[in-house]
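Each of the next two complexes has subunit A plus one more chain, namely subunit B in the first and subunit C in the second.
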Partner chain A sequence: MPLAFALSPFIVLGVGALLLMLAESFAKQRAGLALGATIIFLATAACSLGLWWFGVDHIEGLEALSPWLVIDRFSLFFFALLCLGGALASLLAGGYLPEHNLDRGEFYALLLFSTFGAMMLAASGDLLTLFLGLETMSIGAYALTAFRRASPRSAEGALKYFLLGSFAAALMLYGFALLYGATGHTDLAGIASSIAQLAAHTPNPDAPVIAAAARAPMILLALVLVLASLAFKVSAVPFHMWTPDAYEGAPTPATTFMAVVVKGGAFAMLMRLLLTAFHDPQSASWSSGWPPALAMISVLTMTVANLIAGRQESVKRMLAYSSIAHAGYLLVGVVASIRSDDGAGSVLFYLLTYTASTAGAFGALILCGSKGAEAVSYEDLAGIGRRHPAAALPFALFLLSLAGVPPTAGFFGKWFVFRASMDAGLHWLTVLAFLNSVLGAYYYLRVLVFMYMREPAAGAPVATPMRSGYVTAALIASAVLVLILGLAPGKSLDIALAAASELGHS
Partner chain B sequence: MIPTEHYVALSAILFAIGGVGFLVRRNVISALMSIEIMLNAVNIALVAFNRAQPIAHTGQMFSFFLIAAEAAEVAVGLAIVISLFRIRRTVRTDDADLLKN
Partner chain C sequence: MIATYAPIILIITIAFSLASLFFFGHRLLGGAAKFSPGRMEPFESGSESSGARHVKLSVKFYLTAILFVVFDIEVVFLYPWAVRFKELGWTGMGTMVGFLAVLVVGLVYVWKKGALEWES
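Right, the complex of A and B next:
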């Protein structure tokens, strides 16, 4: 029983997804499916929060799961975060799919199964479960991207996503194989201790076949391969090429899901791998080699994404580049976490603010476009602030939060990440990240200018907002989150710090 | 007995062939096959490294999981290729160029 309690988030989500799939094939009408998926997501999140409140330390028999699944506060935080993202995405889908004649129930089952994979990623303490979680998450995301079957753009975006995604998975797997050969372990803690032994020149009894001299280069090569594929998965420059295409081609709720849940799962994996397996406890410094590389990637990611985002004509594509830029800010926090105790916690808090603001921004974009005419370009949004203030106001709030304007959630997300990187002594990185967030404000404010200060050109098709209780509910939920996190961030920051403090000690 | 280094060298060569094939070929089916070659290189490496552990079978078990998961991934990939082919009548990545900056 206690073990089933510890696994309850997985059980609720998995069984719920199967039941939803059954219900979809027998149900006469699809209207309740979005609500059902949302309830399953929220129930899973409630289970995780219940486990957190009960205290995972009190549960006996958790060792039976290790090293494959690690149920600690870090995992539980991510369970709740990913389920929040999934719930918002399924609410948006409940309004979007019927409006655009895509109302097929498998969308919700795919959302649930893909989130299951993301949760597995967050909880994995072994390369095997890490790989299985990654595949479960990615396969669902590929199918979601291709969901608009009649649209050539959807198929093209899905093809690019799939090809580059499986190439990245192959790179990562070869890195895993090399790690296994050099250390004799597939569990992250075992890999870490084996690397420490190698650094201290003590013989490792687990890998006698490989000569000791060959092990260090193998680990280095494995680290390069794993870093490259992690950069693919979190869509960091120069491995970001698939992101704008897949985000633009996918139906907007699927885009929301990819920007929020898939990215969150990828960051959980990145932190588990780098901060557990490659975190050298003997010398908490640059010795393990990846922080400078990751710092370069993060600077490139922020700068390139912000420069290209300003030149987009499509708001959806601009938001795709904005999500790449946010991956850059998040990577700053990951780099800082090697020297600062607050680094990892600030990343988790940033992910929370990013989830609420991004899901809200895509939701507002969905709301602005009605049947047959999705609002995608800046011109489509011209003058909507005067004609439909109820649709424009939440959009403005979420864009300000993404830009990092106080008192919204995005401001404190950036503030804590930048403060952690200053604490870590990364002054130049902090300055570059700050300059980038100023640069990023340009294209968010451009949307506001179009919404409030422009009128549509004469004869241009005028977008009318759709009406949907589901989308409204999602917007209200994320607006409340954005405001709470922006006005009183203290409590949730403490939770994020507590969650991150367990990383690397398990 | 063939030394383990030979297996590792074979897997490295296969991985390089697959990687170059993926980057060079413009046909989606060829790209998929290149990825499969890379994954088989991973399988060979995992099984070869497992020889260091005569009792534990971690590497072999890993490669079984890999075979199963990749079969599922390729099934989804081929479905995407077919849906693109139905609309555009092409399987060349050069022709998939609707989405641009």
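Right, the complex of A and C next:
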């Protein structure tokens, strides 16, 4: 019984998703599915927060789950974060789908199942569950991208995402196979101890009969493959090419889901792999390990994404490039975590602020659109500050949060990541990240200029403002979260640091 | 050390030379005849071809094939359980009932959505 309590987030989400699917096939009208999905997400988040408060160490029988599932504070934090993102995405879908004639209930079932996969990624302690969670999350995301069946742009984005994502999963499997061959373990803790024994030149009875000279290059090759595949999933440059097309083609609630939940799950997977399996002194060293590669990737990501985002004509594409840039800032925190105690915690806190800000930004963009037509280019947003202030004001708040302006949440997210990387002694990386953050402010402020200081072109159809209770509720929730995190981040930061401290002890 | 790879190198060399022979031998032996409209038509034993060129298939073929694959894989997972039924006991039964329940939900969904209707 206590074990079922520990698995309750998964059980609630899984059973809820199945019931929603049944309800959707038997229901006569669509109303209420969005609310149902949101309630399921919030119930799952409540279960994980309840487990946190109860103290997950007190539950006996957790050893039976490991190494496949590791339910520690890190997992519980991500459960709550991913379900928050999923709840916001389903609220946005509740408003967007009827407006754009896409109102089919499968959307919510896909959201729930995909979040289940992302939660499994955060709680995995074994290469097999890692891959299982990755594919569950990704296949749902592919289907969500293609949801607008009649649009060729949607199909194009989904095809690009699917092909490149499958390719990345194949690379990852190849890396996993090499890891298993070199270490004889599939659980992350076993891999870590095996690599440490290899570095210490002690004999390892678990490793299969391979010449010791062959094991280190195998592990290095596995690290390269896994790193490339992870960089694809978090959309880091130069593995980011799928992101703008997939984000632009997908219906905006699906884009929100991808930007928030899929990215969160991918970062959970990245941290689980790099900070557990590859955390031994040699693999995590600056001279012969993954930190310099990841630092280079993060610098490239921030710079390239910020430069290209400024040249975009479409607001949705600009937000896609902005989420790529935020992945770059997050990677700075991951690199800092090898030498700084706060590094991993700052990444988790940044993910929380990024979730609230991005979900809100996409939600405000939804409100700027109208029947059947999204607000695509900057000119579509001209003058919205006067025509539709209920959409423009939250949009401004979330854009300022993404740019990192105090007193919003994004400022503290960036501040803690930069402080962690300064503590780690990575001064050059911090300076580059800081300069990129300034560079990034340009395209966020450009939207503000168009919204408040331009008039709509003469003869352009002035759309009736879109009104939706669901989207408004999501915007209010995101705005409250952004303001609370911006004005009083202490408690949330403590939670993030407590969650991150459990990472190396699986 | 290189001797252990000799068979593979031999196979690759033979395959490569055979493929190159077929590819370039065609040109060496005289190449294709010149283009003419009569030679370009599809072969129909002398009669003229008729009918549309592109047949638009209904999507029901794809649906049936995909549903078959999914439920066939479900059956594949049932076979090992059937072989070791007694040893797996009540735990195995519970696990498999859970697995089957998820798939039954999928079947109900597919049924209600009309994907099992062939004539529509």
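Following the convention adopted for this analysis, the second predicted complex is superposed on the first by the 496 of 506 C-alpha atoms of A that agree within 3 Å, B and C clash if a C-alpha of one lies under 4 Å from a C-alpha of the other, contacts with A are read in each partner's own complex, and residues count from 1 in each chain.
In this text, contacts are C-beta pairs under 8 Å (C-beta built on N, C-alpha and C of every residue); 3 or more make two chains touch, one makes a residue touch a chain.
These numbers come from a predicted model, not from an experiment.
Judged by the touch definition given at the top, the superposed model places A:181 against subunit B, while subunit C stays out of reach. Legend: residue contacts after superposition of the two complexes on their common chain; A:131 is shown touching subunit B, with no touch to subunit C. Taking subunit B and subunit C in turn and counting the residues of subunit A each one touches, the greater count comes from B.
Legend: residue contacts after superposition of the two complexes on their common chain; A:139 is shown touching subunit B, with no touch to subunit C. Contact with subunit B, but none with subunit C, is seen for A:244 once the two complexes are overlaid on the shared chain. Looking at the shared chain after the overlay, A:149 reaches subunit B, while subunit C stays out of its contact range.
By the touch criterion defined above, A:21 reaches subunit C but does not reach subunit B. Subunit B contributes residues 4, 8, 11, 15, 18, 22, 28, 31-32, 35, 38-39, 41-42, 45-46, 48-49, 51-53, 58-59, 61-62, 65-66, 69, 72-73, 76-77, 79-81, 83-84, 87-88, 93, 96-99, 101 to its touches with subunit A in the complex.
Contact residues on subunit A toward subunit C in their complex (touch as defined above): 18, 21-22, 24-26. Those residues of subunit C that touch subunit A in the shared complex are 101-102, 105-106, 108-109, 112-113.
Residues 127-128, 131-132, 135, 138-139, 142-143, 146, 149-153, 155-160, 162-163, 166-167, 169-171, 173-174, 176-178, 180-181, 184, 186, 206-210, 244-245, 248-249, 308, 311-312, 317 of subunit A are the ones touching subunit B in the complex.
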